[in-house]
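The structure follows.
Labels run A, B and C following the written order; every chain starts at residue 1.
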Amino acid sequence: MDQLSLQNPVFATYVIAATLLILKAVSMSWLTVVRMMQVKGGFRSPEDIRKTALNPEPNLKQLEPNEYVERIRRIQMNDLENLPFFLAAGFLYVFTEPPLWLAQVLLYGYVVSRLLHFAAYFTARTHDTRATLWTVGSLILIFLTCRTLLAALGY
Amino acid sequence: MDQLSLQNPVFATYVIAATLLILKAVSMSWLTVVRMMQVKGGFRSPEDIRKTALNPEPNLKQLEPNEYVERIRRIQMNDLENLPFFLAAGFLYVFTEPPLWLAQVLLYGYVVSRLLHFAAYFTARTHDTRATLWTVGSLILIFLTCRTLLAALGY
Amino acid sequence: MDQLSLQNPVFATYVIAATLLILKAVSMSWLTVVRMMQVKGGFRSPEDIRKTALNPEPNLKQLEPNEYVERIRRIQMNDLENLPFFLAAGFLYVFTEPPLWLAQVLLYGYVVSRLLHFAAYFTARTHDTRATLWTVGSLILIFLTCRTLLAALGY
């Protein structure tokens, strides 16, 4: 059977994990938009305080950093530091032909760790909680990558 | 026919869209370099105000943010928040075996939306114009991702 | 022989280069963590100055930017601006069926350029050294991308 086919359950597992994470990442952009519209601020470009249909009463304060918006930007930044590398590592891991149960534990485990990391960051839990959840995901990513590297080297 | 072959027109469509966007993203780095050299500023690291062949007359002001350079950095940041996820989503979408016309509309449509977004951001159009163009691309990305997720789930 | 198989030496070359770079990127996150713990600062979220097991004596200064930490963040940012695009471009380049020696020169050359760029940035070499190493990697990325685009267009 072709490895890269949605009929291959390991590849389908990867595709489900990857698309959920992409939706998660894209949601951060939309959440930033929602919060900027709620507080009518947290903008970044000089032209954003021009009078327009979406911003009828502009003022200079709208360009100042706004913690309510910045929190989502930090969460998104954390996604950018992690998800693109998982998307690549998880894909290449499929070529190592792992058992399905292990692929599911690792790939779905990563998705869960990132959703919990989001929940902890979003609700401003202590750093220790957030760091623990990030660490789980990061260790999964490192495992996937090392396993794939060894397979490519012939081990 | 093999799905992942440049002979498959849907995959070739993806490869053309992907490579154009990669060139677009890389251009932002070069544009930042060009602008930093034009204004001899917008640097970020303490060592960048050492006297060198490229910076014969260094001064402390070179480390201050420079809006002419920062604009390109914001455009690049917007690329980083979007393009890596499109590169993954568009690739996985190929496995859903879409009709060629639909793949072309979505994938080339995304490329066009990003080039127009760049043009609007670069020339400092109002936020509403920029946001509209970003929204078109984001909705295409969400569609690609959801369609692929459903296919992987067997729908 | 299947192009996307670890038995294909060109694909194995890509997988080795890609996984090394993913490990490199993930290391930046860990290095940031290590440095934040060393200086007990460089934090970014208000909740990070709550009293916890990992931060028994919090104070407001911990939220100020710390150059020792910021240096790693800048290196990581440079990775985010480059590596995801290389991961995609290098993968698609495999479909152009390049000779193995050329794939090795380009893909391993990119890895080496990024490791040297890291060494130069980490040890605060002058901007000219860092820029030269970045340029080598960027030119390889542009070559991979253009070659793949031409192949997809049928040239």
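In the analysis below, contacts are C-beta pairs under 8 Å (C-beta built on N, C-alpha and C of every residue); 3 or more make two chains touch, one makes a residue touch a chain.
Keep in mind the model is a prediction, meaning the values are calculated, not measured.
Undergrad: Counting shared numbers against all numbers at the contact of chain A and chain B, is it over half, same, or under half, different?
TA: The interface is built from different residue numbers on each side, given that under half of them are used by both copies.
Undergrad: Rounded to the nearest 5 degrees, how far is chain A rotated relative to chain C when their C-alpha atoms are superposed?
TA: 120
Undergrad: Return the distance between the CA-based centres of chain A and chain B, expressed in whole Å.
TA: Centres of chain A and chain B (C-alpha means) sit 17 Å apart.
Undergrad: Of all the residues in chain A, which ones touch at least 2 other chains?
TA: 4, 80, 84
Undergrad: In the complex of these two chains, what residues of chain A are touching chain B?
TA: Residues 4-6, 12, 15-16, 18-20, 22-23, 25-26, 28-30, 33, 43-48, 50, 52-55, 76, 80, 83-84, 87, 91.
Undergrad: Show which residues of chain A lie in contact with chain C when the two form their complex.
TA: Contacts found on chain A: 3-4, 67, 71, 74, 80-82, 84-85, 88-89, 92, 95-96, 121, 124-128, 131, 138, 141-142, 145-146, 148-149, 151-153.
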